[in-house]
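Report on the structure given below.
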Amino acid sequence: MIKVGIIGATGYAGAEIVRLIQGHPEAEVVWYGSRSYVDEKYSSIYGNFFKLVDAKCLDDNMEELADQVDVIFTATPQGLCASLVNEDILNKVKVIDLSADFRLKDVSVYEKWYKIEHKAPQFIDEAVYGLCEINRDKIKDARLIANPGCYTTCSILTAYPLVKEGLIDPETLIVDALSGVSGAGRGAKVANLYCEVNESCKPYGVTSHRHTPEIEEQLSYAAGKDIVINFTPHLVPMNRGILATEYASLKEKSGKLPTAEDIRAAYEKYYKDEFFIRLLGDGVCPETRWVENANFVDIGFKIDERTGRVIMMGALDNMVKGAAGQAVQNMNILFGLKESTGLEFAPSFP
Amino acid sequence: MIKVGIIGATGYAGAEIVRLIQGHPEAEVVWYGSRSYVDEKYSSIYGNFFKLVDAKCLDDNMEELADQVDVIFTATPQGLCASLVNEDILNKVKVIDLSADFRLKDVSVYEKWYKIEHKAPQFIDEAVYGLCEINRDKIKDARLIANPGCYTTCSILTAYPLVKEGLIDPETLIVDALSGVSGAGRGAKVANLYCEVNESCKPYGVTSHRHTPEIEEQLSYAAGKDIVINFTPHLVPMNRGILATEYASLKEKSGKLPTAEDIRAAYEKYYKDEFFIRLLGDGVCPETRWVENANFVDIGFKIDERTGRVIMMGALDNMVKGAAGQAVQNMNILFGLKESTGLEFAPSFP
Amino acid sequence: MIKVGIIGATGYAGAEIVRLIQGHPEAEVVWYGSRSYVDEKYSSIYGNFFKLVDAKCLDDNMEELADQVDVIFTATPQGLCASLVNEDILNKVKVIDLSADFRLKDVSVYEKWYKIEHKAPQFIDEAVYGLCEINRDKIKDARLIANPGCYTTCSILTAYPLVKEGLIDPETLIVDALSGVSGAGRGAKVANLYCEVNESCKPYGVTSHRHTPEIEEQLSYAAGKDIVINFTPHLVPMNRGILATEYASLKEKSGKLPTAEDIRAAYEKYYKDEFFIRLLGDGVCPETRWVENANFVDIGFKIDERTGRVIMMGALDNMVKGAAGQAVQNMNILFGLKESTGLEFAPSFP
Amino acid sequence: MIKVGIIGATGYAGAEIVRLIQGHPEAEVVWYGSRSYVDEKYSSIYGNFFKLVDAKCLDDNMEELADQVDVIFTATPQGLCASLVNEDILNKVKVIDLSADFRLKDVSVYEKWYKIEHKAPQFIDEAVYGLCEINRDKIKDARLIANPGCYTTCSILTAYPLVKEGLIDPETLIVDALSGVSGAGRGAKVANLYCEVNESCKPYGVTSHRHTPEIEEQLSYAAGKDIVINFTPHLVPMNRGILATEYASLKEKSGKLPTAEDIRAAYEKYYKDEFFIRLLGDGVCPETRWVENANFVDIGFKIDERTGRVIMMGALDNMVKGAAGQAVQNMNILFGLKESTGLEFAPSFP
């Protein structure tokens, strides 16, 4: 059994890791780290685990934790993982960081968008961006995984094949995305109260959301050149789910615009053997209800011949493929397990 | 592998059976029966199963089905199972009926509350009421299981120990219950449109809801005498969940009223070894969020010394323990599997 | 124009007073009191008032306020109004207190249930309980109105005629109630975050909710004797609305139990000329959607001959008739206006 | 008093007209037309009007209606108004059509997108597109008003000044929009059931939604040339609200790109005296909660210097400014009333 330690186990993403590891046949959580709830029973904070988890919360001591577990998940705010991790720890355990600390290769970009100083820039180079379907091979031998953001996973996977194959002009890419409220975390803020969010939707972080440079960096690799995009997230009244609607102008190849068949062929080239990526049938649009509580990404597209654009659409569950599920998928790769171990269950509906 | 056939596979309860059997290590669905969608791909109706279920829907032919499967689940409106089942079928396969056809032992009570003629009264006697925690022993050898209703499962399990032990006066029992909207099924009715249900709650079926005689019959067995109760269901804007709040006057034993310790002892006598029943700590009330998507029933209670009443509270997921989960639990008992097989996963939150 | 000052203008109830006074032809808000937001533009806190309210928030100075306005609404937590009010203020302005400070006539009951010392017990006697339909005559000349709670208004109005006319045994009364989340206020608490409340329902304050003694006191007046009841509130995922489902045993009069006609006659005796109380047709149950955003109370009932009980049901909008609307209705009475002035608009749906 | 007749009074938009006219000081509904509910009490269908509307539903007889009222609102599916209206009717009464029948000037575009034959093309030319803030002068003397669609009103008003002033390249315009569920109407469809919509969001009508040519036609007038755009609507789980997020590349004028000040100046040029259009402060994004139940449109914008685009955002209530409210605003203009009569109330929150 893989021994799992979680730093930040009482946030939503941490609790989702607990749920997934509960159903994982080859791993078990042995450390429920939560600075705010030290010594409290974990199941008193998350009642869904009553009678299923008997442990109490422990402090966020990564040094001690490294001696007791095989893998550490850090599901904490930006900056914490970078401030705790060190060479000694990385020599002992695998670290899968669900924060943004090691996602961006350029530390100045990180410091500009996150407005904090990076405490462990020496590990940025070796950290592997844990987008499993794209970086699987690099993940295998990594010590430190930068688990991608929820918006980012959805946005990148939805556009990746078309960017990589040069079917769209990446400079025209616009990502308009919707998110459920769990993405905002469990902090007690007026803005996230039930009555403030319910029966409303809003854009936020317009032109300034921190997932922007993360999407740009990964798609720049795919494009083979540096690109900038527009990314606009919106909050919608539901617990879970990310939906990305992406627009780009089709790019001529050999004097003609790509057809729907070309687009589909590109998606299939990269995804046809991917268990967690479901390329939808012609004309079918993704809906977040069909991926709820599970690790799938549903992708569809539509060409608009009138405007010469393709509309790409992706949906995933921000808590699973957008956070904890992908983290477990990364763990599976790191430990040589079948990649879908413990993650094969169907989405729940309704 | 146990071969499973579902009649009514495209209703919400049917789809939940599909989801649960997907995660069950010793069973597989081989017949997706749905009169309305014959020949359509099942995953085109429930997109959550895209790439996971490749089958098409078949007609509701129970005779043919009986030759192909080991167990039939009927997740259909009242009357259908009774009109299809016969001796020959019951000799070949186990039948677990999620409708009310075989729940009530008195056919006249059935016909009065359901306002239809019973087509197979000859099987009523042998049918076993599939409330697993109470009737486990009888279920083992049954051919025909009457899977309990969602409100009923919650209402009965919450009150059972106190009725059985004579700690409350069963004539004073009032059950006030809340339900999520999936309990109303997938029929296209104005009353169940999003805008009609959202941002509202309402009582319905007041004094006339069909789960009333079912609760009464089972609690009458526990009380050792015939009782009548008040049962008032309410619709609340959420997908899943049943919450029952039950009121009864405490009954003196040996000249004194039962204490909280007496009440707790009664619950523990019946439930302390039950995996799926979670008796909450002192003063903790059940909440439907803590049982969502899973097979647990959470139970709590509070004594009001001022009024001499006990308030009993129970919560479950109407699609799981209130329908498909309990049906699978019954299947496990019928086939000699560990009762919790395929049902041990934690509730999901948020 | 009546000059209105609001202490606690940035809570949900305060903001609802602002909305109602905006639509009131004979009153205007001149003081937006809010200790937390002094000097901030009111419309930056409640964006619905952008371009409609230009004022900034002022401090909660009741002394100064009393010199500038005709009526003060205190929409603040328990204890604040009692700590601010004094003889001088009451001589200058009318005070309508939306907190519980002056609702209970027995100061020891207040201090027991609210666990704070009462700072102005000298005004308890003269304060009038502002349940307009019952206490209209006393309200007219009051200086200090104790505006009833949301659960209380609904619970009392729903049962009052039957208690008053002796058609039910008040000792058997059980009030089971549901509330939208706005009743919990705008404080930043984890328990009221969107993801914690959405897709769930729960009982709370079981046997101990503070509206219990308030309901008991008023119904004791109606019964002509002291009664105790069970009151169980539940939180359900919607912004607004209270639904009360109340149970009581019918009481024989002249040797026979009251009929549905008797019950209806009792309701009509008290409510037939009440604009804001809508007695529903036979068999019609109230639903919160039909009273949303407006000042109505919808009431229905059903007799259960099998159990000898009557089920009474009432619905209102907790922000309007359960708080700000009733407060404005009280203001109208105090200032000799037509009672429904500014409150005659229809509920909005959907 | 203006006598109002409504054809289609039992749809959501029809019911909203009823609500608004209830609060209108100079109009009253005298004909509640509803083919499906003839002879049923209107308030039995919309319980919010219980005791407020006593009338029964009448048939959709526009000829007879024209003799009895001053203005007819048709809140019916596409095609009905065109099939009923004639010269005689238009000579007697004003007709405000909430369907799309008279919104598009090119009948072939109508027939292509709506896939029905137009029954009254002879009135298309004279019909005035009732976007009040843009076409106010033409509306005054019209006999037939084509009341704009909900998405369209929001999309056009949000982009109009920048298109008109040439600050953006209209060929780059992409409109990504979110809608509450009431926009889908009250028809009994599985897709609009509570459990299908709740906890999910989805794009629909991608590249083919019928509001596309309507937006294009109006913005083409503003641009002074024919443009095509991408418009992608999404369904989100809330009752009311439209949010449009629009992207366009800034266009150089005199050799430099427009600044935020230029953009703001353009908005102010057209909207600064508009009561119902609220231009938000710098950096403030619209949210649908702030316009709920009222007739306002909130507009904000953000320039992204990195990509050279401006993101324009607008929010309105699809039932009010997106349908019934704008229809009443049109009525006010037609009858020479102050344009905001009966529509000045504040949005409700929460």
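Quick notes on this structure:
Chains: A, B, C and D, in written order; residue numbering restarts at 1 for each.
What we mean here is this: a residue touches a chain if its C-beta (ideal position, glycine included) is under 8 Å from a C-beta of that chain, and two chains touch if they have at least 3 such contacts.
Please read all numbers here as calculations on a predicted model, not as lab measurements.
Between A-D and A-B, more contacting C-beta pairs join the chains of A-D. Most remote chain with respect to chain A, judged by CA-atom centres, is C. Inter-chain spacing, taken between the CA centroids of chain A and chain D, is 38 Å.
Rounded to whole angstrom, the centroid-to-centroid distance between chain B and chain D, based on C-alpha atoms, equals 46 Å. If you average the Cα atoms of chain A and of chain B, the two centres end up 37 Å apart. For chain B, residues that reach two or more other chains under the stated contact definition are 12, 182, 195-196, 198-199, 237-240, 287, 289, 292, 350.
Of all residues in chain B, only 12, 181-182, 186, 188-190, 192-199, 237-239 touch chain D in the complex they form.
Interface residues of chain D, counted against chain C in their complex, comprise 12, 15, 18-19, 22-23, 46-52, 182, 199, 239-240, 278, 280, 287, 289-294, 298, 319, 345-350. By the touch criterion stated above, chain C contacts chain B in their complex at residues 174, 176, 178, 180, 195-196, 198-204, 206-207, 228-230, 232, 234, 236-241, 243, 245, 247, 285-290, 292, 302-304, 306-307, 309, 311, 313, 315, 350.
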